[in-house]
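Order of writing sets the labels: A, B, C and D. Residues in every chain begin at 1.
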Amino acid sequence: MTGHGQAWPLTLADYAELARARLGPAVWDFVEGGAGAERTLAANVAAFEHVRLRPRVLTGLGLPHTKTEILGRVWDAPIGIAPMAYHTLAHPEGEVATARAGAPLVVSTFAGRTFEDIAAAASAPLWLQVYCFRDRTTTRRLVERAEAAGFEALVLTADAPRLGRRVRDLRNGFLLPSGVAPANLTGTGFSSPGGHAAAEFDAALDWSVVAWLRSISSLPVLVKGVLTASDAVLAREAGAGGVVVSNHGGRQLDRAPATFDVLPEIAAALGGGCAVLLDGGVRRGADVLACLALGADAVLLGRPVLHGLAAGGSDGVAGVLGIVTDELTEAMLLTGVPAPRDAGPALLTTASPAAAP
Amino acid sequence: MTGHGQAWPLTLADYAELARARLGPAVWDFVEGGAGAERTLAANVAAFEHVRLRPRVLTGLGLPHTKTEILGRVWDAPIGIAPMAYHTLAHPEGEVATARAGAPLVVSTFAGRTFEDIAAAASAPLWLQVYCFRDRTTTRRLVERAEAAGFEALVLTADAPRLGRRVRDLRNGFLLPSGVAPANLTGTGFSSPGGHAAAEFDAALDWSVVAWLRSISSLPVLVKGVLTASDAVLAREAGAGGVVVSNHGGRQLDRAPATFDVLPEIAAALGGGCAVLLDGGVRRGADVLACLALGADAVLLGRPVLHGLAAGGSDGVAGVLGIVTDELTEAMLLTGVPAPRDAGPALLTTASPAAAP
Amino acid sequence: MTGHGQAWPLTLADYAELARARLGPAVWDFVEGGAGAERTLAANVAAFEHVRLRPRVLTGLGLPHTKTEILGRVWDAPIGIAPMAYHTLAHPEGEVATARAGAPLVVSTFAGRTFEDIAAAASAPLWLQVYCFRDRTTTRRLVERAEAAGFEALVLTADAPRLGRRVRDLRNGFLLPSGVAPANLTGTGFSSPGGHAAAEFDAALDWSVVAWLRSISSLPVLVKGVLTASDAVLAREAGAGGVVVSNHGGRQLDRAPATFDVLPEIAAALGGGCAVLLDGGVRRGADVLACLALGADAVLLGRPVLHGLAAGGSDGVAGVLGIVTDELTEAMLLTGVPAPRDAGPALLTTASPAAAP
Amino acid sequence: MTGHGQAWPLTLADYAELARARLGPAVWDFVEGGAGAERTLAANVAAFEHVRLRPRVLTGLGLPHTKTEILGRVWDAPIGIAPMAYHTLAHPEGEVATARAGAPLVVSTFAGRTFEDIAAAASAPLWLQVYCFRDRTTTRRLVERAEAAGFEALVLTADAPRLGRRVRDLRNGFLLPSGVAPANLTGTGFSSPGGHAAAEFDAALDWSVVAWLRSISSLPVLVKGVLTASDAVLAREAGAGGVVVSNHGGRQLDRAPATFDVLPEIAAALGGGCAVLLDGGVRRGADVLACLALGADAVLLGRPVLHGLAAGGSDGVAGVLGIVTDELTEAMLLTGVPAPRDAGPALLTTASPAAAP
């Protein structure tokens, strides 16, 4: 009567389930966990639940395209990969497998594979996520090495003057598994991410760091962790070419607002003069379209990419990105949006209170 | 002391329970499922939960009547049957049994029984639901055949340039059971509804299709899938005689708004010059009255009709419709509404937040 | 270390638990149930959950008093007993035991004990709840008999042109247990409350019935079932001395608003020229105070009184009333309200959304 | 691969779990319970769930400090210990152990240890919580004894003209365990806290009691239990040096608003001329910062301190306070607040409805 379902994994939740089965519990907690009571972690996802998109009919559009220009480069879709430490926790190939999936990738300072190896596998833009250490020389060397490897932008993590209190990791006494280490840093003490951060992160960084980064590199600088209009304006004034609306995946200040909730005020403050990206809670193509509608140029996917990587290496990453991109295409088709830049706030309406889960 | 309850099934939920027991799991999923995470599917029902109707007392009305005129024909109640493919999935008699129950029926392009057989069993108006295929000849033949069989209107499905991503069906690898096939179409490839749609549906339809339908038929055309005031106005301007406020039962764009939530803006935009019907989430007579109060001329019931059909054939359909119609009569009596056209927005008040489930 | 708890039952929930254990399931369902999906039944209770009362300190009041004047009579507390059929379902002594507990009591047309027996046991005002039957002679005889027995007011049930669809009773095929019958009516057919109502209730009653009641009796008439300002005004214009804001305990129109939610509009429309009572969902002294604050002169308790009666006869009723009255006194003391008439809307504030359960 | 978690207890919930295991069920209920249906108890905690703090980045602040001045004394952090009876219920050392943890402490009239012993152990300010008994001589002696022992302020409990109806204690028939008694009162009848209160508390206290307290002592007086702007103004006019926004931990009027919800109106009414403290529901450093942002000078922690005391004596108390203070420091760092006095309402934003749990 009916056939057998063979297309599994079909959803991002399927990939998460596969990943959870493959990763040890402490690694899973390190990847999934947030700070404090994980309210902001949950809020990021929940913020999208009230989104309602207004479908349009008989638009005559045919198939929309998802290409979009970010800092002068065309992305296949407005969907990149958020910076996350140690993809080697999820798969032995680590960031090399991730990059091979073909999406724009923000490589972490704590990448488990070398910038050069990653660059060799990549076909889409690579950006470097920068933690600005107390020891600026270390930071400078990282930037120079990434730029030399062909990376195209710097993404300064601005929201971590110290690491947030991540209870799961404290409870697990989490240490990196042997064999997982930063491939682009020298030194020791990395096995305890929280301990390393307490020792090396600079709690007193200010906006002058943007100028400093621009002085040591020709790459554009984006500031990641911006959650207020005020800071968005300060970022632009400091010389940033873009901001990433982010609460560090709910891993820094528990009770920070969901990123989607603050996107409008930031987009309005910048007025288009600066690239606006967002990460946190994006799980569906409709989420992506909602972000575009409220002023984001693109979004970055985080944990789901590691789920795909754990579940199936490079193919798993491509599978995750493919689902979200296909959903985005469908949502654009059904709302009459021919291209990402055509999305605007009129796409959105409010769910009735009862309609949200 | 007390008698034995023998009047089961008593509620639409009873019918759904019976249907679930009789249909195979994959067929059940095909009938019940929605697109994506099924948020819109749930929202359709949930949107009615906040409705509160204002009872009136001592009105002197006696029993109200539910007759209402739609496109020049009098319906016994403002309740018809929404288009759904393959009633033969629920009962061997399929649409013939459904039609025999006596309510206005929108017959699907993918009906499991011939238009002629359905017409022979029907005592209330029949309308044809039209998917406009890439191959317009197929569509024209369907329309002509339905019109010849006495169908009275065309309902153009406008919200399906491609079929939504229905995860349950993908997971089940759903194929139509043998013996279930479109009775009014020739050709092959129908066993996989999603696959057929991808091959044959026209993703680039525009509003000119309304004029084309009117050119090949003398029947009035309603546009189904309208969820915005803008599209309602475009429908009227394109020559439609009515719209069906619908999100395809939550099967197309997940995150589309609940139909009840957008009804007011559509009714206001049309201002009475066009028939307004609604489907999606109607489960109670009070839901029907709320729709009438906000400007609908009638509603269409979907899944509950298939439940009744699976549970008891034509009698089951009549049972389902009877419950809802009786509830509507009771709600009209208790709110002092003598006839459907007398319902207005003053009937409604808002639940306190705590009062909603 | 600690003593043993012996004061059980301590709360209305304790009494309900006791009652549920003593009554058969079908009787329990008849008492507890509501119409349709029981949304309005639930809403009545839920509407109070958002109430927040503003405590005041160091008021110097000492103990407040709860006496209040209703239609010229002083009640010990602004708490009476709502009309309910057949207290003999809960306890063999029925309404006689209820009356003996000492609170004002609205006796049902379908009381299980004679008006004379009830009056002999009562120390507080008795009112008669009137269903106006198609056979007006029956109604007239009831009124005359009650007035002769010393009843002091008539409470016209205006919201039941027919009985609501009570699914629990239909499912149970509920019939009155043998020995339970209306003590003040002659005739047959009472064993099926729904069937009797369908045969005898007058679906076309209008406001002239108030004048008719006044013409056959010298007692003041209150109209019960008022849920809109418009009907409150019509009631006063028709000659009513008061209204009871009621949705029939959620047993008539499912989706009627919670009584507490519509109290303000009704109190505002009447402006004090008419007694305003409320039933539905009152379970705590703080609920009573909230009703007083929004313009009610008194409330009527329904199901909890039957729970007390089932749990412990007259003492159980007194126990239930005692808990609520004591809670009311405490709430008045802690909010600085010396007497019921001093309660006003400034007592209330809104719960934050998160604070409601 | 990963280490073993050894830092347990890590959170206040961990401490509560430990405490629950060590205390008998009736003592646990006495500590944890609230009045009535415990709505206000729950509301206190829930009110903070909607708080969202606006993070700021690259502020250049470095580590913030938490020192704050309250009534002329510098506290290490804006976090003191709320008055609670009988710390000896939680640990044999009682208030002496609590005081030794080093935070400002409001000692209850019903302390289980003498004021002198407590003072000998304390390194931070001690305040006396005053119940003003009918027998003023008793109260005067308490005040004089506390002042002589070096206590620095009086905190008048103004919200208990009688004790709220605490159902758990009534159900348990709660009596103090042997060995637990007020160390600073003579007399009998203390074993039943509710019974004692009914006998000795003065239900008719008015604002003149503030002047009386000032006449018998040179210490500043704070009024605890203020929940309205009106009473805050009256407190100041009566000569109070501060108010504690409190609903007695949800133990008095069930349906009183959450303290956090009424803080803004009270802070606005006082305009800075009076110390404003708050207790009720504070469980996280972010809660503390939110209170500071809305005008509190400091908060008082209640039940969590007893949890810490039960779990680990003085070290447990210090552990609890340390977690909250560390979280506060982190929240200040991540929101760019260099010192408590710099917190203002701009720190706060609203959670989207879906984002709250």
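As a convention for this text, contacts are C-beta pairs under 8 Å (C-beta built on N, C-alpha and C of every residue); 3 or more make two chains touch, one makes a residue touch a chain.
What you see is a predicted model, and the numbers here were worked out from it, not measured in a lab.
> Taking all residue numbers at the chain A/chain D interface, are over half used by both copies (same) or under half (different)?
Copies use mostly different positions to touch.
> Rounding to the nearest 5 degrees, give the angle of the rotation that lays the CA atoms of chain C over those of chain D.
Rotating chain C by 90 degrees superposes it on chain D.
> How many angstrom lie between the CA centroids of chain B and chain C, rounded to a whole number?
Each chain's C-alpha centroid was found; their separation is 42 Å.
> Measuring centre to centre with CA averages, how many angstrom lie between chain B and chain D?
The separation of the two C-alpha centroids amounts to 59 Å.
> Please set out, as single numbers or ranges, the residues of chain B touching at least two other chains.
Where chain B meets two or more other chains at a single residue, that happens at 49, 353, 356-357.
> Draw the chains as dots and join the ones that touch; what shape do you get: line, ring, star, complete or other?
Ring.
> Identify every two-chain combination in which the chains touch.
A-B, A-D, B-C, C-D
> Within the complex, which stretch of chain B touches chain A?
Residue positions touching the partner: 24, 26-27, 36-37, 39, 42-43, 46-47, 49-50, 158-159, 161-162, 164-165, 167, 170-175, 177-178, 203-207, 209-210, 223, 225-228, 230-231, 234, 238, 247, 252-258, 260-262, 353, 356-357.
> Inside the complex, what are the residues of chain A that reach chain B?
Chain A residues touching chain B: 1-8, 10-11, 49, 51-63, 284, 286, 290, 326-327, 330-331, 333-335, 349, 351-357.
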